[in-house]
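What follows is a pair of complexes built around chain A, which joins chain B in one and chain C in the other.
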Partner chain A sequence: MRLGEAGPEMSPEARLARGGGWRGWLGRKGWAGVVIIACFALMAFFAHEFVPYSPTATFPAWQPPSAVHWLGTDDYGQDIFSQVVYGSRASLVVGGLAGLLSGVIGTAVGLVAGYLRGLWSEVLMRFVDLMLVIPALALMIIIGAFLPSVGQGAQILIIGALSWLWMARSIRSQVMSERERGYVAAARVVGLSDGEIMVREILPNVMPIVIANLVMVITAAILVQASLNFLGIGNPSTVSWGSMLSLAFTDDAILQGAWWWVVPPGLCIALFAYGFVLLGNDVLDRYARKREG
Partner chain B sequence: MRYSARYLAKRLGFALLTLYLAATADFLLPRLMGGNPAQALASSTGLASPATVAAITKEFGLSNPNWGYQYGLYLWQLVHGNLGISYEYYPSPVSTILLRALPYTVALVLSATVISFAVGWSLGIIGAWRRGAWVDQLGVGVAFWLYAVPYFWLAMMLVFLFAFLLGWFPMGHALPSSITGLTPWQWVAGAVRHGILPVTSLVLTSTAGHLLLMRNNMLTVLADDYMQLARAKGLKPFSLMFRYAARSAMLPSFTGLMLSLGNVVGGAVVTEIVFSYPGIGLATYNAILSHDYPMIQGAFLMLAVAVVAANLLADLIYPLLDPRVTLH
Partner chain C sequence: MLELVFDQVTKTFRGPNGTTATAVDGVSFHLAEGESVALVGESGSGKSTVARLATRLERPTAGTVSLEGMPLQAVADLPYRVQMIFQDPFSSLNSVHTVGYSIQRPIAVKERISSPKARLKACQALQRVGLTPPEPFMEKRVVQLSGGQRQRANIARAIALSPRFMIADEPTSMLDVSVGLGILNLLVDLRAEEMALLFITHNLAAARYVADRVIVLYRGTIVESGAIDDVIQRPLHPYTQDLVAATPDPALPFVGGRLGDPETVEVGWCPFAPRCTRRTARCETPILRRVVESGHSVRCTLYE
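On to the complex of A and B.
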């Protein structure tokens, strides 16, 4: 047994959860979030299996929804249902990977700045505060505008590198209260190094906060990626929900009354992101309740 | 005098440092990404003779390849309000074009912030007060849903419903197409009519954060001992709710409000595009489409200045709300 899990630090609820199987991990809302995310993930993985047409095949333009084209066609005559299904891949890949990248940076900065005291951690947090004031989307826009081309890899790097600031602050404040607890002092007495204490003792204890923040960062990454694609900062030939809406906007889908082109991609973004919001809030709620006792 | 000199110096220094950071990023980015702006400009104006390139290189202060020299020149020009010359609207200075656009963005962000603040805080206070009641559940439920909705899509849906289908509001732009011969009253009415949809879209997406933060802070305050005392004293629920609980819950919410400003500005950039609203966001979008790099840089800097200034203002207001702040 690791020190971090020693008896008195573990609440009855956590013990119950461990014995209670998968039902104990999350509440109803959390599971609803997981189901939503899983549905979209399945859609992305098996897009080629059940999509009726290639997302770039062309048919008569501006068709309203019908039995042939479930969600109609756009102004190039591309099948919108197929595009929506394929578009889930971009959101999943970019949102997920950018969120993970942000999560790793945010967790590392939060752990170090919260656990170590001294000039460097102070400087680090002041830097985070400065960056928080600068509008992140605007910064991403100028970075994207100056890159010769922005593919999915560049989007992941840009979003990932600029979305961890809130997370670092949140984890830092949690780590600061955690480092005053008994088990950290015990670990120090046993002679563990700072690195070992941070990673093997504190990290498991703040894991719910890390997960909740990670989920929120992924939510933000999904929305930011859609915004960047909408602004034309992305690869226009990759089908994504954001680039679909960008095209719908520039090609006057609204003036044509083509609601079938505007509504589905936006609803998908919102629903996918909502799945993460549900999951994140559930994790956070359970953690707070556990801490209150 | 409620401000201590130390507090003022700290906040002012922080604001200046942020601006410096933003300006430096603005300077470094195009240089790190490569490309020669003078050549880009020369080819975009169709006058790509070597002589033109040389002339423009000189004009943009790029003749000395030393970055240190360019950096010094750049900062010197910035301090004097010189943001460079637009490629697209050559030879108009970027600052002239952006200053013309700035009032629109400020009006949009300011009214959206004030309204979403008022709505979010009221709903947050009521929700916390009647925790678990239908008002609370509805408010929190809708707030979480709105968290997940992309700004620009919500804006597009508003245009589709209220401008295209119902025709209640104009589809875009900030003012009626012919403003000559309008009385001042008609002018204001036109501006308001054009502003309602963009402001609504921003309010809808930014209220959620205020509501949830205020509700959380209220719940913390309501559990405090002095609330118990106030209740025991037999105070009326109304004064208990507003004069006791909401007043203390507002302080941390106020900081949250200011930190959310960057997000609202980001949202405004996208919203303006959907509504063809002639602010900084639309200027940025057009600049991206036409590769007008000085304009993109200038727009970013102007947004940064606006947000930093608003934060500084909030820092100066904060001690008036909470006397404890100036103590350290």
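On to the complex of A and C.
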């Protein structure tokens, strides 16, 4: 071997770059999260395939779980299991799309504010600070109250437009540290444009942070969507976990001892959000470890 | 005349709590076409700031940097006239891209050509810096290259844009000696192509190997300049004398007198005065002038 040539031993980085196949992308936590999310996605997608009844068909009311009605019925006599399965669609669609929307806004604002120093960066971040002190849920409720009707599209827009603030902050701070690295200076010296440096040089390097934040934003969007539906802001004819809990609350499910009406949608919200939390934390952990090593 | 000119350039960085640090203080020099100049100084002397000012990575606080009489800020195609080799070969290539992408993308942007055409030129550049055959290197990730190979890839990216001026900011300081020598030889070869070189180093021997003229920088001020052989054989400034004395034989102690902490010592007019063995009361007063004798100049009260 001549001097200056790479030896047969590969650096740990090089091995990481080659990867240990797709299994190596995530840790045990991350894959657990992926499995949870995938289960719910399958449930939402094939809801009509394996639901025993239509979610709006009526049967005798207040029935406890049985072989006929796996999770019992509510005060209208609607099958709870069918409602829970169909309700996953609203969470997935609204949570996912609102999360993506705010992810795109948050990434763009974070990149620009972190890369451009000076006035623009300050103006953007002061605006973000201002928005952060306004309680987002209260603002959404007010906006929802003013709109004649809040369908899924409106819900996606409202949640998406108000959930990107923390993400923008987090990505900005990461981009600020990234822009001091040698490859950014080199890219400027060889004449690449600011836009290209942001999108094609810096963005791939902060991608794990973007993904981790995206996952957190989706989690938040799912919870906010459930809250809005619970508070009655949304289309009451759409079955969702939030609207199920809302009905259970107003129709005194607890007083009737109908735990089967409250626990399943509540657990679903928690478990679905937990899947995203697992995934997000795992991506962040691995990113931090890669940075240290 | 094609020239890169620093005219009374000062760069002050603002730190937290209103503190300031002047990295470069009233520096004037020029780099003519085809010339090779070494900028020598210790850590913190402002060498790298000069490099960043010459490539517009920093704006001067005062004074002007100009190219062909035009202020640098107004030169639209600066990347295609002045290029830079960075000190750290490990961070100056983006690890998310292949080596080929990093080299061909700036060419494609410069010449507004498609990637395949730019790719051909990138291969030629790799060949010129000795990464042959170029094709397998084009596909490699940065992490698969050794330090010397990375620095060669960095040089390939810079020369592929055919600049007339090359700023090399301590290109060998993070490489081991044998690999570094290969890089120095490469820089000497570039000189044959009439590319002007500003070679930044703390190593006088390396400076002598590559450059004809030397500028000695101490704490942001030029203390001495002249033809490299002249300065090494007959150093005038006490700092240069120490530097020369310390260079040929590493066993020799650094002959500087009281080696105070440069950050805490109160600095008068001569920045080297606190460490100088031949300090007089006059060093603290702003009466220093540059004494020039046949292209060799110095900034010291001893030669007034």
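Methods note: the second predicted complex is superposed on the first by the 277 of 293 C-alpha atoms of A that agree within 3 Å, B and C clash if a C-alpha of one lies under 4 Å from a C-alpha of the other, contacts with A are read in each partner's own complex, and residues count from 1 in each chain.
Definition applied: a residue touches a chain if its C-beta (ideal position, glycine included) is under 8 Å from a C-beta of that chain, and two chains touch if they have at least 3 such contacts.
All values reported here derive from a predicted model rather than from experimental measurement.
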When the two structures are laid over each other on chain A, which of chain B and chain C touches more residues of chain A? B
Counting only touches as set out at the top, which of chain B and chain C does A:S227 meet: first, second, both, neither? first
Chain B versus chain C as contact partner of A:V123, first or second or both or neither: neither
In the superposed arrangement, which partner chain does A:V68 touch: chain B (first), chain C (second), both, or neither? neither
Partner chain(s) touched by A:E201 [first = chain B, second = chain C, both, neither]: second
Considering only the touch criterion stated at the top, classify A:V189 as touching first (chain B), second (chain C), both, or neither. second
Under the stated touch criterion, which partner chain does A:A138 make contact with: chain B (first), chain C (second), both, or neither? first
Contact-wise, after the overlay, does A:V104 reach chain B, chain C, both or neither (first, second, both, neither)? neither
Give me the intersection of chain A's contacts with chain B and its contacts with chain C, in residue numbers. none
Can you name the residues of chain A that touch chain C in the complex? 3-6, 10-11, 13-14, 17, 181-183, 185-193, 196, 201, 204-205
Partner chain A, residues of chain B touching it in the complex: 14, 17-18, 21-22, 25-26, 29-30, 33-35, 144-145, 147-154, 156-157, 159-160, 164-165, 171, 259, 262-263, 265-266, 269-270, 273-274, 284-285, 287-289, 291, 293, 296-297, 299-300, 303-304, 307-308, 311
Chain A-touching residues of chain C, taken from the complex the two chains share: 52, 55-57, 77-80, 83-84, 86, 88, 90-96, 105-106, 109-110, 141, 143-146, 148-149, 154, 157-158, 161, 178-179, 182
Residue numbers on chain A that touch chain B, as the complex places them: 129-139, 141-143, 145-148, 219, 223, 226-227, 230-233, 242, 245, 248-249, 254-255, 257, 259, 262-263, 265-266, 269-274, 276-278, 281
